[in-house]
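Each structure below appears as structure tokens.
In the two assemblies presented below, chain A is common to both, partnered first by chain B and then by chain C.
Entry: the complex of A and B
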């Protein structure tokens, strides 16, 4: 118990530094959310009372509602595809032995490593070469590629943790591969599948960089809509829209993580 | 017709791992066969090949005379009990036990009847609606046994089913499994590295080492007449004594140990002057007070085991031997001089 003065000072500094990092990270988010309830006409401090006027405006704005609709359809669509493909990929990678295994595994997680700008340009150029032009379909495809690694990683982790014996027992009792999957594997990995799906939704909903490359002019998702609005003016409406974004993109992965941990049985 | 036959079965993993090396094995109908051996000797791999969970690299596996190398596992009709039970955690006990019947065209009514009967058999009636996590380890193992047997499999396969249980429960389950097996007369392959389990439960013990079968026989046979030093040392406490043959005649030989001789039996021809190894089980050595004309030695160490004591004895020429003696009398003490007498029929030249 004989901490020297210096080491105590060092601890203090470290603590201070850590707190500062968190403040710099989260203060802007807090400010945005706080200002979204601002009662004044301007979107800045000082605040003049609380009001929901910016949220009301938000939901009266057709182009914003349109952006929400696009974002939701896009997020759900790409997450469904990414989940279906991702679950199959994860099962193949964990339960089967084949030659290209490492290559495919790397390929799937590549979107996590490659900068989005590069990915955005690459897909754009590739599809142009193939004679496909910017469209909602292209956006859907792009988002699926971005979301896929998250689904695969979550489901893969669960499958590795799941004893293979469960499946072997089902097979030995007379269930064929499909029946075994439906009766044993699927129920046991379903929390991970749901978790992966929620991650995928959050990834898609939140994406802007790649989306800017892929979207057809005129189509806006919520993030690109915010971006477009910022270019013309800093309206306090943006604070409200930003807050909604923050809630969705923070809450979904949190729920996803909770589901995976809480409902995973039979480790 | 035998329940299971393996002929010249080999299993390789990749290029370098030879897990099972050209083995021949028969499991007669209704018999209890144990695969016994140290860790990594290929017991589980052998069992998994019979189960259809691994495919042999070479050789043929037959069940009831039918070659099943290419029959997928779900059509083999085998009951498997895993070390970690592998009960489906998301299904009730009734659904677990009845699982295999669903795929055998059995009506729901009949399933619940048979499940109840199977639970009776493992002495756990009335747990149908519980989940596996709500049962103790021993109970889960009984359920796993019921689930494997309710489908009336051709062969029952068990991979170290007792090793996750504590010592008392293990004894109890050992008896239980054996009783059930005998009652329904199902051919059983049991994998263990516990010699006690193997000797107590089996009709035939198959001792494996490094992917090969060292010896097959009834428990007493492999214990008392080990064919190799490996089998002798793996089962029980064996002593290996090296010495030179001084005389030999029809199955008997005198092996010199310094100034003394050991009378031994042999089932091969040995030459006078040849250096041989004699196997003697620790419990076959009688430890007597000095002055009776046996091999003289000194007690170097005593392990008190409760009903028995294990002694380390050093002979005059420095040979160290293990002796096991019941503790009807006071245990010997370290430093005490004793004389060893060993019946020649228990001294076997390898």
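Entry: the complex of A and C
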């Protein structure tokens, strides 16, 4: 069937519209990156030449570096736990048959649907009951719960796509379940595990709303630090900080995606 | 193998959420201590305070406008992505999701530099001679909606895209052979078949918009009223936890009801599927 002139014109219009949508998605980010190189003293438009002055100010700012350190330790810590717990859950959900599977899947995805403000309040109140107050520990625990569904979803998707023949072959050749897991399943899903881990790191590193409820006053992660800076006075080095965050948050999933794709070729 | 996940979710997710409901009945003593009780004082205080209802309406209004805008902008783009014959389609989808990955606070903050008095848009419009005075575009409901649409649009597009991509193209071809115009084909075949995706996208956008705290806080003005802010103020600023608990339960229940109604007619698995991609 040949496309009529009319529908071809419609497709062109749709194409133009979609280009506009892409511009809409990228322009604000481009503005932040552009302003971070601004040579003017105010840091605002109009641009007055290019300079790295805001980056120099940024890397001389101890409180921001401190926030980076907090964010990185937090992200790595919670991601390690979320990955360990999530991988086991994903394997159980895909490889074993049992009742209430749907209910459990929904439960695991629950943090995605409950408003983050409510999650923040819930954990805060519950842990206070047990004598735990707003602290780094609460952040670690909370971020683990937030990151868990993403690890499960990523690993689950990979496991579903993985044929069970390899595992069955290993079992029939005399390997026990543990050996099969260690020698066959684990190597096959390791890219997905790494992908899930990086996903979790990204989720934790980026989280702000729940973090505002859980953090001890005085402790700042990078997002809450930015939030605080924006609410007091907007200093121009915030654009440099923004650009660094843009690069970090783009690179993480890119590396993750690359690793997953690179290693899942040899199926 | 499931037990670590189940135990941690039960302990740190389900139990805490249920505990909010319990806390909402506790009583606040004169010394500022919250003691266990079963009384409706907190609930009555919130229910009879007009301000909280305004806040709830404020959030729902912002969420509704955001959701409709996302659907109107997202559908044509998703349709184009699903229908275009292009060898590097993966790249297009990837580009769509790239901003999705960029730090949420940065994407929200970016709008201050775009819409502000000396922002990119005002500077551009003035230098082009279209306006003489900078427009007031920031710190009002408009900028909040811009920020929300900006961060939720990829969710909407991917949900509609998944749905459109799954439609058997033969159905559209048959409709055309049977004499439907392209527009009729779209209206009678394509659009109804893509409704699950559109519905999933709308629900996701609404729930995330109505529950968002940071975007309205950063981009809104002094008269922007939104519910999560009332919760934050009650819990963190005023340390009035029983009231905060009541407000949290109200937000959870009203959005939960929406999800439940949606789930009654369409499956939630549509949403998880789009997350897993």
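Convention: the second predicted complex is superposed on the first by the 248 of 267 C-alpha atoms of A that agree within 3 Å, B and C clash if a C-alpha of one lies under 4 Å from a C-alpha of the other, contacts with A are read in each partner's own complex, and residues count from 1 in each chain.
What we mean here is this: contacts are C-beta pairs under 8 Å (C-beta built on N, C-alpha and C of every residue); 3 or more make two chains touch, one makes a residue touch a chain.
Note that this is a predicted model, so its numbers are computed, not measured.
Participant: Are chain B and chain C a fit on chain A, or do they clash, once the structures share the same frame?
Facilitator: fit
Participant: For A:106, decide between first (touching chain B), second (touching chain C), both and neither.
Facilitator: second
Participant: Return the chain, chain B or chain C, that is in touch with more residues of chain A.
Facilitator: Touching more residues of chain A than the other partner does is C.
Participant: In the overlaid three-chain picture, which partner chain does A:89 touch, first (chain B) or second (chain C), both, or neither?
Facilitator: second
Participant: On the A-aligned overlay, A:179 touches which partner chain: chain B = first, chain C = second, or both, or neither?
Facilitator: A:179 contacts chain B only, not chain C.
Participant: With the two complexes superposed on chain A, say which partner A:187 touches: chain B (first), chain C (second), both, or neither.
Facilitator: In the superposition, A:187 contacts chain B only.
Participant: Report for A:129: first if it touches chain B alone, second if chain C alone, otherwise both or neither.
Facilitator: second
Participant: Does chain B (first) or chain C (second) touch A:15, or do both, or does neither?
Facilitator: A:15 sits against chain C, while chain B stays out of touch.
Participant: Let me test your reading of the model: by the given contact rule, A:171 touches which partner, first (chain B), second (chain C), both or neither?
Facilitator: So A:171 only meets chain B here.
Participant: Go through the superposed model and pick first if A:230 touches only chain B, second if only chain C, both, or neither.
Facilitator: Touch status of A:230: second partner only.
Participant: Once both structures sit on chain A, report the angle chain B, chain A, chain C from C-alpha centres, rounded to the nearest 10 degrees.
Facilitator: 100
Participant: In the superposed model, how near does chain B get to chain C, counting Cα atoms only, in Å?
Facilitator: 19
Participant: How about chain B: which of its residues touch chain A in the complex?
Facilitator: Chain B reaches chain A through residues 51-53, 72-80, 82, 84, 86-90, 99-100, 102-104, 133, 147-148, 151.
Participant: Flag every residue of chain C that touches chain A in the complex, lowest number first.
Facilitator: Those in contact with chain A are residues 1-2, 4-6, 8-9, 12-17, 19-20, 23, 73-74, 76-77, 79-81, 83-84, 95-96, 98-99, 101-107, 109-114, 116, 118-120, 123, 150, 153-154, 157, 173, 176-177, 182, 207, 210-214, 217-218, 228, 231-232, 235-236, 241, 244-245, 248, 251-252, 255, 259, 268, 272, 275-277.
Participant: Flag every residue of chain A that touches chain C in the complex, lowest number first.
Facilitator: Within the complex, chain A contacts chain C at residues 1, 4, 6-7, 10-11, 14-15, 17-18, 21-22, 24-29, 31-32, 35, 42, 44-46, 84-86, 88-89, 91-93, 104-119, 121-127, 129, 141-142, 144-145, 148, 152-154, 156-157, 202, 205-206, 208-209, 212-213, 223, 226-227, 230-231, 234, 238-239, 242, 245-246, 248-250, 252-253.
Participant: Can you name the residues of chain A that touch chain B in the complex?
Facilitator: 163, 165-166, 168-177, 179-180, 183-184, 187-188, 265-266
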